[in-house]
Every structure is written in structure tokens, then in C-alpha cells.
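You will see two complexes here that share subunit A, one where it goes with subunit B and one where it goes with subunit C.
What follows is the complex of A and B.
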């Protein structure tokens, strides 16, 4: 067996398959790209519509309502700092990427998680796939997406969606399965039908777990969006990538601060939503 | 109005680089030496010999399933023509995990003993685990420039929080009656630690080790962006030059290494459970 002949043959085969795909399935990938970029641009347009202080104040108000007053004030000041550092457009495009990717990921993984929670068979079928996705370093998800969608935000979105899905699926199905038995039996005794039993009993109990999943997904999405700067996603990731390559220390510190600020704000907000729902449940 | 905190911190970094250069250079040389040694010992034998040794060890200790898995994963790396890069990545992960555990383990025990220390540590760990991995590479690159050393420093820092948390959890979870039993029979604190607490905490510690290994691998691969070498560098080359064949091979080799490290450390955990 000659191993050295295998590598060039493999590379050639991969190139051939990619050429074939770009020849025959271009309409599909172009379509996907246009849709994804359109969605991303829409979110970005919305975020850029108001001036930065309006966004900062709104975010501060939301943070105040969801966490507490001092965190709200901190949020507003921190976001204003991003603008003062001259990184407002980058911050907003990173935020738009995270939002767009999380919306797509959640739209797919919440129903899937509910189904997996209701059907143990599907759960057993999904578990190894989710394990594998979570075992692999996030960085390599950029490879297939850049091969098929090319350089740009669409690639970043696809890779981010893949990374963000597993925690949401897992925690949703966990939440659905964890409904206390006596409540299901109570529902049966009261003669609820299955739809009612799901929406009135199982779902409310699952909400804290689902919110924890949303928080985890968001954090995974963040990590990925920043890495995706290398494939031209735009935003803070690309700023850092460029700054590191030109050894522009000041700029890369600024961009890192902006990333940390944004991550902290979103993390605390979603976390507190999860815990406040929990309190309501109790 | 424009204000850049980075413009204030950058001179501080410069100052550090000029005044502490001997220290950083020494650290660099030390890490390079350790890494070089481990890499050389992984590469000194021909690939087939390494595969045979790992497979045999897995067969003897963990059973035939792990042996088959180890053989397939390592054989796959060889088949993909990325043996050297794979071994470089494995060496980076091993060194990073060893140092991270050496730092996190005593701190974790201390945090389990002193609730105050843990309370002080908790917000720092929270922040460290929320920040995206990319951000860890930036300060490392500023001080150690490009190459393997910043990569490994960032990886160590990234791997510490999960290990620290699970060490604290593990030692907190040791049943009090066991510890009291040790004190009652007049065992020295050191004996209690190694003969009673450590065995009781082992399952949770192994979970922490598994987490630490996987996070370190993710970071080491990402560090290909700052010139860490290994499989991460091949993935980066594939991505930036659009050499999809190379990128795909490197990506699959990363998967093989990840699956191998994950399953081996998990199998070690199961082995432990079976004994208990």
C-alpha cells in the first residue's frame, strides 16, 4: 500500500467534487447565500437605524428591567464606550451576526429539542451526532461553509448556526423530559388533550431549561462569530484579525474590550431571564 | 469624541517587553524546550511503531474497542499525510493540559477548603469562561509575539477554569464522614488528602480533565491563526489559500485527534467507575 499517492488523489477528488458542486448546484448555494446575507443585512440595518446613544440607552433599560439598576447603567456606559472607541459599526455588525445566527439556530433547534424530549428514540438517534459536533473544535466548521458559500458573512452564519445548535437542542429536550410526573398525571386526570397538556404543563416547566439553552447557544455563537473574522464575516472578529496581523496592539486591545463588553451584557441578560423565569415557576 | 483605552495600554505592553524581556525570553526558551522534547519523543519512532504502541496500550488497559478506535484515529492521521502536524498538535495539547492541571489542581483544593478564596475566585472564573477563546490569544501574542509559545500560554489560561471548578466541586463533594474517619484514626492531613479525599474525588476530577483536554484542543487548533503550527496551521492554510483538499484533510485529522483524546479520557473514567 503506497500511502504517499493517497494524499494528492484525495486533494484532487475534493477539488473535483467542489467544482462539480459549483457547476451543478450553484443555484442552490447562491440562493442560500443570498437569503442568509439578506437576513443578516436586515438585522444590521435595524441595528444601525437609531444612533448609538439610542441603542445604548435602550439596552441599558432592558438590562435594568432584567437584572438591576447598576447593571443597566453599566450596560449603557459600556456600549457608549464601544462607540467612543470608534468601533460602533463593527460592534453592531458582530451583534447582528450573533442575533441572526442565534435566531436561525433557535428556530431549528427548539422544535427539534421539543421533539427529542417527547420521543426518546429521536433523542437516542441525535445524541451521538450532538456529541460529535461538541467534540470538534469550532474552528473547523468554517471549512465546509467557506468551500460552498465563499468568503463573507453567509459562511460565518452557517458555521455559527452549526456550533450554536447542540446546547439548545440538549437543554430543550432535557427541560421537556423533566416535567414532574404528578403534573402530567394531574393533567390526564383533568382530561386535558395532548396539545393542552403540552402547552399548559410541559412547556412552562421546561422554560428555565430552555432559557439556559438559549444562553449557552448565544455564548457559543459569540465565540464562533469572533473566530469567523478570518473568513471575512466583518465585525470585531475581522478587526482583531487585521490588527494582530499588522501588530496594531492598541486597536486589538480596543476590539477585545468591545467583544468582552458585548459578551458580558448578553450573557448576564439571558442568564437573568432564565433565573427570573425559574422564580416564577416556583 | 474619540478615546482609545488601547492607546494607553499599548505603551505599557511595550514597557513590559523592553524591561522584562529576559524573563519572557527565558519562559519562551523553557516552554520551547519542553515542547520540543515531547514532540521529538513522539516523532522519533516511525509512525507505525507509535500506532502499534498506543493500540497495544489501549488494548491492555481499556479493552479492544478503545484499541480499534485508537488504531483507526491514528491510522487516519497517517493516511491523510498529516502525521507530523498531528503529533505537534498532540504535543501542544499534552503540555498545555499538564501545566493547566498543575496550576488548577492546587488552586481548586484551596478553593474547596477556603470558601472566601472561592468567593473571590468565582467572578474571575465566570468572566474567563464567558470571554470568547479568540480574546485569549491577543495578550499572549502581544507579549510572546507569534509562534507556539503564545499559543500554549493562551491554551493553559483557557484550560484552567473548567479544571479549577471541577476540582473544587470534586473536593467539596467528598463525604464528611470519610474525612472525619481519617481524623479519628489520627491520619496526617497529607495522608487524608492522598488516601481518602483524592480517591473519593477522582470521578469528578476525571470529568474536569476531559473538559480541559477538549477545550485545550479547540484552542490549540484555533492558535493555528497565530502560527502555532500543527493541524491548526494546516486548517488555517486551507482556509486562507482556499486549498480545500488540504483544509478538509486537516479538519478530518482534527476530528480524529479530538475523538481519540475524548474517548480515551472518557474510557479512563469508565474504567475507574467499574472498579468502584
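What follows is the complex of A and C.
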């Protein structure tokens, strides 16, 4: 077989599959797009409901309760800075995208991780798939989604969900598998049934690891929403992308600062949730 | 001893085997049909014999100790008694019911209500406080919160931890943690408590204290216990009867006195060599028939056949007499001389010394 003929033939098949999907499964992808954008718009609407200072103060209070006072004050000031830089709508739209993507990703990956933790066979099957997802450059996920879902937040959402899922699945599964053996034996000796053994023994031991997975998922989602600016995600990602194209360096730095602020706030908050659970477990 | 024979047998373990390994079914067949030994089983089938042909009976109210060094199969044996480990061959009857034939629900029921277990690692759930840990067994059984907390509080009272209810396991010392483990087992009010080396990780002083408390509590509550230990002193302090295990085989079963006075083989003899006889050997084991004493017996100090050598030595030292008159219900049954006492201290029964 002529090797030079192979590549065009392969590409043509890929195109054909995508065309076939857009022709025959359009109702499905249109439906998916409506649902995803609806979810994203709902979150965004909620975030935009109060004025920026209310959001900043509320976030500061949560940060105070979950971390400490100085972090709480820092959080409020940093968020206010985002508004002062004139990036409040973009910041909220990025936050909405991250929240929507993380919720969808966790809703799928936590149950999957639990199942993988309980069933070594599923784990063996999942591991190479997760490896593949994590080693591919994240841009890859934008392309098929843009072909099927079109330009806009739905595509950004799908690509972000794909990237955010692996760490949560892995760490949830790990946490479930790491139950100390003596406690599994204790459960058996006390006559627990399977449901009790899971919820009263395995799950409490897995919580710190699961929370670490949630934290990692959020961080992956932040990384991806910036990249997703290319496909019209809106928000800070698109601001940065646009600023780079017009060489507006100052603007791109403003937007980067806003992203760092959001990332740090959510990272510290979820981390402290994970470690406060862990402290009890020591 | 007669009352024990009539007491109800709660655990009846009949010729139980446990062989570990992928080819355990073939191995067990070879053992029973061809009498294959431990080494050959390992060589030919790659299987390890955990417990080999073990039989034992535990009566109501009895504390039964299983003593053996690590790798002797004692931890495997105790897990066969509540089927945490499935036997390869043989039967275990708990309260007359074959637990090997039970379905999952019946097995859960008997583990939850009739067989408590205490582990060497204690296994207190770190996310729960002491009270919640003590009530965990009842929680699993679906007992309402108020009721299970009351029962767990009562159990914590019994082990002397009522002031620590709201603390977390990490705040407790090792000895206290093990008391919580015991309270958790007692809270379900089981007839049988399996103790898997519960005190082995504790320091010697605390260990002795817990041993005494455990024996007293078990007797007070009328529980039966199977107690695993690698420490013969502990077995003697706690056990009504002791089984000595080596390489998965129960070598000897008997009271502490029987084992010390008549070791079944050299292994047991070496083991008991260092044990003090003072409190173990009783007058009836060292006495000689009354005819063996030349002098008058009426004026000799008196003791019962169950008096131990320590008490007899005290009696001789206090009275200055050369012999003691052993009486059962006021009748003269034997005489213990100073010579008899001395051989008793060395662990020689009178039959052999005479």
C-alpha cells in the first residue's frame, strides 16, 4: 500500500465520520448545546444577580470561615480589583464556566471513581483511557467539540469537562481503595451489609483523597477555560485571546491577574476543606 | 471441673483446616488422602497450611486462650470461628449452628449479635468520637440513636471511660483505645467475644491491668471469650483453659496447671520452663497419701486441695510445721511435706517426684 495515500484516506474518513454525525445526530448535539448553554447561562445569571461588591464581600466571608481572616480580606480586595480593572463581567463568566464544568465533571467522575475503587476490573480498563486523556494536548478537545457543537460556551464547557474529569476519577478511586484493611475486617466482624460498609467505613476514609481530587479538577478546569477562549467561551479566556491577537499586552496581563485571583481563591478554599476533613481523621 | 462438662458448648470447632493458596482445594485433598506434610504441600502445590486439623470447644462463661508464636496460625484460627476466613475443611458450630452453612444475612446476624470481636489494631474509626465508636456495632444493627447511645454509655462505664465519651480516638492512650474497642464489643451484648491479641501492643503495666480487668469483667458479665496471645504469662493470667499452637496445630489443651505440670511435648515444656509455679500448682497435685506421713496428722496446719504452693509455703513459714494436712470437706485426703513443696516449685508432679 502506498503510504502517501494513507494519510489523505484516513483524514477523509475522519471528516466523513464528523459529517455523518453533524448530518444524522444534529438533533442530539443541538439538544446538548441547548442544555449546556442553559446550565452555563443559569450559573452566570446567578453570579451576576448581586452587584460586584456583594459578591466580593460574600466570597471574603466564605474565605474567612474556610481558611482565615487575612485570606478572607485578601479575597474581597482581590475580587474588587477585578471589578476596578473593568473585567467584572468577564471574571464572572469565567467563574460560571469553571463552576458549570466542575459540577458536570464531578457529577460524572465521583460515581465513576467510586465504582472504579470498588471494582479493580473497571479500574484496569479506565486507567489507560485516563492516561490518554491526560497526555493529549488540551487543544485537541476543542476541535471535535467545535465541529459538533459550534462556536460558543457549550464547546468550551465540553472540553473543560473532559480535562477536569481524570484527576477526580483517579483520586476518588484511590481513596476508596485505600481503606485500611483492619477497618474492612471490623466492618465484617460487626456484621455490616455492603451499603453500610461503604458509607460508614470506606467513604469516610476516602473523603480527604476525594477532596484533593475535587481541588485538582477545579485547577484543570481553570487551565482549560483560558485555552477555550479560542472557541468563543467568553470571559477572561477570550479577553486574553483577543488581547494577544491585537498585541494589547497590558489588557492581557489584566485578564491574567483576574484569572490568578480566581484560581487562588478557589484553590485555597477547596484545599482547606480537604485538610480540615483530614485533621479530624488523624 | 465437673461443672464445665455440663455447661453449654457455645463454640464447637471440629477438625478445621485452612490452607492458603491458589491450589488449596487440591492441596487439602492431598493432605487428607495421602497425608502430605507441610513441606510437601508447599513444594508440590505452593500452598501454606494456616490451621491444621484444629478442634476445640468453648463453653458458656469460659475464657479460652490460644497461645502461639507469630506464624502459628492462631490469628487464622480465631477468624475461622466467625468465618472472617472460610475454612478449607471442617465445621465450626456456634451455639449449635454450622456457620459454614449460613447465608450472608444469617452470618451478619450472628456476627452482629452473638460474636463480638476486639482487634490488636483496635480499629477505632478516627472520624467518630468515643461514644459513636462504642455505639457503632449497634448503629449497624439499626438500633435508634438514643437507645444505642445509652447502651454504649453503659458499656463505656464498665470499662471506666465514662468521662471520655466526647473525645476522639486520637486523644486517647493505647490502653484507653483498647478499652473503647472492648466497650464496642460489649455494647452489642454478645455471648462470645473474640479477642485477637488485644493487649499485645500495650506496655507491660497497662497490659497487666487490662488483663485483670478483662478477666473480671468477662466473668461478671458471664461472657465466653476466645483470647489470642503470644504471651504465656498472659494466657495463664486470663485463661480458664489454654490451647498451645505451633505450625497450625493445636499441640495441647488444658488448664494452666495441667500444661505446666504435664507438658505434651518438649516444645511446650521449653515454653513453660520459665513460668513461676507458685500460683499455678495446687495442693492436690503435690500431696502424698496420708499414709506416707509418720507423725500425727491432727495437729498439722490445714489447707484445701485447691490451695496453691505460694499459700502452702506461707503456712509452713508461719507455723514452723514440717507438713500440711490437705482436707476436702473436713476429710483428710493427703499430706504435703516440705519436700513435696520443693518439687512442686520445680514443676514436678508428685507422681514423678516420688
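To be clear about the criterion, the second predicted complex is superposed on the first by the 266 of 282 C-alpha atoms of A that agree within 3 Å, B and C clash if a C-alpha of one lies under 4 Å from a C-alpha of the other, contacts with A are read in each partner's own complex, and residues count from 1 in each chain.
Assume a contact is a pair of C-beta atoms (placed from the backbone, for glycine too) under 8 Å apart; a residue touches a chain by one contact, two chains touch by 3 or more.
If you're wondering where the values come from, they're calculated on a predicted model, not measured in any experiment.
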Request  = Answer with first, second, both or neither: which of subunit B and subunit C does A:26 touch in the superposed model?
outcome  = neither
Query raised in the report: Counting only touches as set out at the top, which of subunit B and subunit C does A:86 meet: first, second, both, neither?
Result: first
**Report entry** Touching partner for A:142 - first (subunit B), second (subunit C), both, neither
**Finding:** first
Between subunit B and subunit C, more residues of subunit A are touched by B
After lining up the shared chain so the two structures overlap, which partner does A:253 touch, if you call subunit B first and subunit C second: first, second, both or neither? first
| task | Quick one: classify A:226 as touching subunit B (first), subunit C (second), both or neither. | result | first
*asked:* With both complexes superposed on chain A, which partner does A:201 reach: first (subunit B), second (subunit C), both or neither?
replied: second
According to the stated criteria, A:73 is in contact with first (subunit B), second (subunit C), both, or neither; which is it?
neither
*asked:* Contact-wise, after the overlay, does A:190 reach subunit B, subunit C, both or neither (first, second, both, neither)?
replied: second
Contacts from subunit C onto subunit A in the complex sit at residues 82, 84, 107-113, 115, 117, 119, 121, 123, 125-127, 136-137, 139-141, 168, 170, 188, 194
Per the touch rule, the subunit B residues reaching subunit A in their complex are 1-7, 9-10, 13-14, 78-81, 127, 130-135, 137-138, 141-142, 214, 217-218, 221-222, 224-226, 232, 235-236, 238-240, 242-251, 254-255, 258-259, 262
Within their complex, subunit A touches subunit C through residues 180, 182-183, 185-193, 196, 200-201, 204, 280-282
Contacts from subunit A onto subunit B in the complex sit at residues 3-4, 6-7, 10-15, 18, 84-86, 132, 135-140, 142-144, 146-147, 219, 222-223, 226-227, 229-231, 237, 240-241, 244, 249-254, 256-257, 259-260, 263-264, 267
